[in-house]
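What follows is subunit A paired twice: with subunit B in the first complex and subunit C in the second.
Coming up: the complex of A and B.
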């Protein structure tokens, strides 16, 4: 089966869900999400039997890179995060229904819920396509497929001011970054005369390249990518959007959108890093952005009291580590050197597991715990040991404690910075990691060592599907923390 | 006087700058949205100019035109979604002033 069938299958599944929502008379629309989870699980299994398209295939497939293991790995990440987001959405459905309720007579009591389950599938197809995009047109179209879907999802709770506000902010800043991106693409095309990344790499490597124009194009593209990645100083939208959006969408944003943005960054920045006349300046810019992002994300997380806002700053901080791996790319081939793409792929794999675990706990507690403040998680261990244990593993891994996946992600990024001799980067990363220990573990301490607030001591119910997903993620985090080769083997 | 590539690049650069300034300065969401469209138009003009002046075998490079049509299509989709969100916001808050959309603070 050719690899590009996978995207078609995901889109087809999304259309099936929409049709079933419109025409099948469903009592409980949450069964749509279960159907989606099942379908995506099947497509995930198909990932392991796809084969590369024939080299001779031209036409529209020249927009599609030959599938290396790395792009298949990213497709797997996209599918896995969509599955988990749908599982979260099942738990979150009552809140969506309450905030989108249709006051008309005779309307379905869950009207407006079906699209909430179908839209993530279209975003997933965009993410999967993006991981194979090797042409400026396909990069642009897949990036926008994802972005426009996310605009709708973020503003989905249309009776909720917070969600709408987050939607408007995301829309304006997302569209602004699109403007920068296409203007940068126009200049990149003007300098290199091509839209294919291979030809662009070749053209930028020549000495005849105009360095001023190339740096201008790079600056425009970097601004756009920094918006999408949430890198400082273009991170200001992240806390508001993460806090306002429905929790499953926040999880999808922080994992899916970040993985896609990182993949695009890797593909678009590599031609500039491979160009001998430009590499020095490009690296300097990347180092500055990485240092700023590391410090801003982690230091601003320290005083946060809202859990989703804290995770938003944590996501900015993790962008910093990803950029650090990019900025410390080895210039000449050293033996046993880690390449940026390996480190970034591993980091994203680990980041996906731990962030989704944290959000899974958050969204499954949403109906039992009223607020999103960190204080409302006090004494969680006494009310629901499994939730507390899952959150503990997630926080330990996000902080980077040994024996968790997060440790090796940070370890590889540090090793790259040392190998490249980027001492400023290393210093900033050390400060960032130390700050991370404080604010992640503060939550764990309050879960285990304080008593629940008065009148809140009841045990918390847990749906079986969420419970299974949490246990699987916990096991994967610990396995990847003991034997990182398990994840590395998937893409190299 | 012949029109050269530089003329087109100056005009498109000016359009982009006007659009960006509008996004940063204006407060009405609808005007901000128009300015965003102006930025995309500037990118389109740049693409066409580069394609017309960098001939490949005596023909303009048509790759740029393909990207241009995709940009127009995507911008239309973005406007459709964006206006829907702005209408929903107007229904709950009765304003399209961005400075009044600030319930979430640090």
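Coming up: the complex of A and C.
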């Protein structure tokens, strides 16, 4: 089975959900999401039996890279995060219903819920395509597929001003960054005369390349990518959008969208890094962006009181570590060094597990705990030990405490910086990691050290599907923290 | 599964079982007694005549990736880790035994025992791991529950603040340590995390001296913070005073020794030239521990804080033994880790019991309780004598070895370390002053009228404490019991690193 069937299957599944929403008489539309989870799980299993498209196929599939293990790994990440986002969406459904209520007589009480479950699938298809894109047009179209779906999802709660505000902010800034990206692509095409990454790499490697034009193209592309990644100084939208969007969408944004943006960054920056005349300046720019992102993300997270906002800054901080792995890419002269793609893939895998675990807890608590302030999680350990334990594991891993997956992610990135001799980058990363300890542990403190607020002491219910997902993620985080080989083996 | 893997994972699995709903106290006690039995089994089957090399070794490769050192889940025992393993087993049993009964910990007994098991398992893992990553990671694993326990079950209003202080201090210490370790592994080729291979590499092709100097400084400060080296000691006394007694026993008695263990196992062999370079700094700081903190200890008015400072102070002797850099000095340091671990655990155990019973530990409010409570008086007296280092207790044997080691040498020149040793000797006097003064105030003299004395120690409380005391006396009368394991291991270490 050729690998691009997977994307078709995901799109088809999305269409099935939309049709079922429109035409089937469903009592409870949450069964759509369960169907989606099931379908995606099947497609996830298919990942392990796909094969490369035949070389003879050529033609239209030229823009689709032959699947290596790395792109399959990213497709797996996309599928896995969509599955978990749908599970979150099931828990979150009552809030969506309340915030999109339809005043018309005779409307289905859950009208408007169906699309909330179907849209993530289209984003997922875009993400999967992106991991195989090797052509500027294909990169652009897949990136926009994802972004446009997100514009809708972020603004989904139409009776909620916060969600609408987030949607508008995201749309305007997103459109602007798309402009930068396309303009950058145009310059890149002008310089190299090709849209294919292979040919672009070759053209940029030549001494005859015009460095000013190439650097200009790079700057334009980097601005667009920094926006998508949430890298400083283009990170300003992140906290507001993360806070305003529905929690499952925030989770999807912070994992799916980040994985996609990182993947594209890796694809688009690699040709520049491979070019001998440009690499010095490109590295310098990347180091500056990485240092800024590390410091801004982690230091700004320190005073946050809203949990989602805190996670937004933490997501910026993690972009910093991802960029660090890119900025410290080994020169060709270094033998036997960690490669950026390995480190980034591992980091993203670990990041997916821990971030989704945190959001899973958040969205499953949303109906029991009204506020999103950190203080509203006081005494959680007494009300629901499993939620508290899951959040503790997620926070420990995000902070990078040993024996969790997050530790190795950071460790690999540090190792790369040391090998590359990037001492400023290393210093910034140390400060960032130390700050991370503080603000992640602050949440543990509020869960474990204080008693629940008065009148709020009831135990919290947990749906079985969410409970299973939480336990599985916890186990995966710890296993990957003891034997990182289990993740590394998936892509190398 | 090899013996040691079983030993390390036993408390961790027991913690998991407790978390999932097994009867908390029963599981925790069962697991810790099994750990102690396993440790004794290892000691009996240990080949004491083997110099260097690990026994009961096992290894599983977990990650092999170009550009990254090989990572394996590897365990092994030599004489040093065997002694620390025995110490961990003894203190773990005592701590779990002394943990308050389920009813007293209002609903959170599960979390309480789970944390104790995690601390114990982490410490055992750290002392038996032969892979640098796991050596480091297991120690971190033990720190997280320590922090949680102080914040949740600690005494006094300031517990959350104290929990934060200890987290920040130890977190920064661990981070400094991590940087030092990464630098060391990188400087040695960055192909392996195996401690023995790293030691061999450091001997075969030593790291450049300027790099060594940096590495040693980072490791010394990192480990030093963990051992409450002067001037990074300020976290220790409040933390021990406010921690629940079993946590204070486990941390001061066992976990803190990780820093010393790391200095012996890693800092000295990997960066010997760096160690020489910074020797005078080490001497100054350890005198700070012994003399300055010793005087601070005398000034304390609360028993728990006094014990906390005394445990900081005694770390100075261990540093002196390590600084001596010869077989007898380092062996003495290892023996002191064992002896001090037991005696401080004994004292914290007693102090915790007294705090529960009397509701206060202000020394001024006590007096003359030896008469109504003779068992407490006797046991506390033994513990205090052990802590001072009177002959007959393991502490005496250890301190004598350290002083001999530090003063060793054939010529009569007064080197820096000899001056430091003379200064350190005064520490014995200081500790006698504060311990005996505290004992007199607490147990002798007239009993204040307001003081209500509870019933004397019951047998459930005495049993775990007697276990510690018997071990202290046994090793005190026959230090060879442990020295037979320690000496060959230290010898092996020096052969492995001698240039």
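List of remarks:
Note that the second predicted complex is superposed on the first by the 490 of 492 C-alpha atoms of A that agree within 3 Å, B and C clash if a C-alpha of one lies under 4 Å from a C-alpha of the other, contacts with A are read in each partner's own complex, and residues count from 1 in each chain.
The rule is short, and it goes like this: a contact is a pair of C-beta atoms (placed from the backbone, for glycine too) under 8 Å apart; a residue touches a chain by one contact, two chains touch by 3 or more.
Bear in mind the structure is a predicted one, so any value in this text is a computation, not a measurement.
Using the contact criterion defined above for the overlaid structures, shared-chain residue A:297 touches neither subunit B nor subunit C, since it reaches no partner. Shared-chain residue A:175: touches subunit B; no touch with subunit C.
When the two complexes are overlaid on their common chain A, residue A:436 makes contact with neither subunit B nor subunit C. When the shared chain is aligned, no partner comes close enough to touch A:114: not subunit B, not subunit C.
By the document's definition of touching, of the two partners only subunit B reaches A:195; subunit C does not. Once the two complexes are overlaid on the shared chain, A:76 sits clear of subunit B and of subunit C alike. When the shared chain is aligned, no partner comes close enough to touch A:320: not subunit B, not subunit C. Residue ranges of subunit B in contact with subunit A, taken from their complex: 12, 16, 19-20, 23, 29, 32-33, 36, 39-40, 42-44, 46-47, 49-51, 54, 56, 61, 63-64, 66-67, 70-71, 74, 77-78, 81-82, 85-86, 88-89, 92-93, 98, 101-104, 106.
Of all residues in subunit A, only 330, 336-339, 342, 381-382, 385, 389, 396, 401-403, 407, 411-412, 414-415, 418-419, 430, 433-434, 437-438, 441, 444-445, 448-449, 482-485, 488, 492 touch subunit C in the complex they form. Those residues of subunit A that touch subunit B in the shared complex are 136-137, 140-141, 144, 148, 151-152, 155, 158-159, 161-162, 164-169, 171-172, 175-176, 178-180, 182-183, 185-187, 189-190, 193-195, 239-240, 243-244.
Of all the residues in subunit C, the ones that touch subunit A in their complex are 19, 61-68, 71, 73, 107-108, 110-111, 133, 136-138, 140-141, 144, 147-148, 151-152, 159-160, 163-164, 167-168, 171-172, 175, 179, 182-183, 186, 190.
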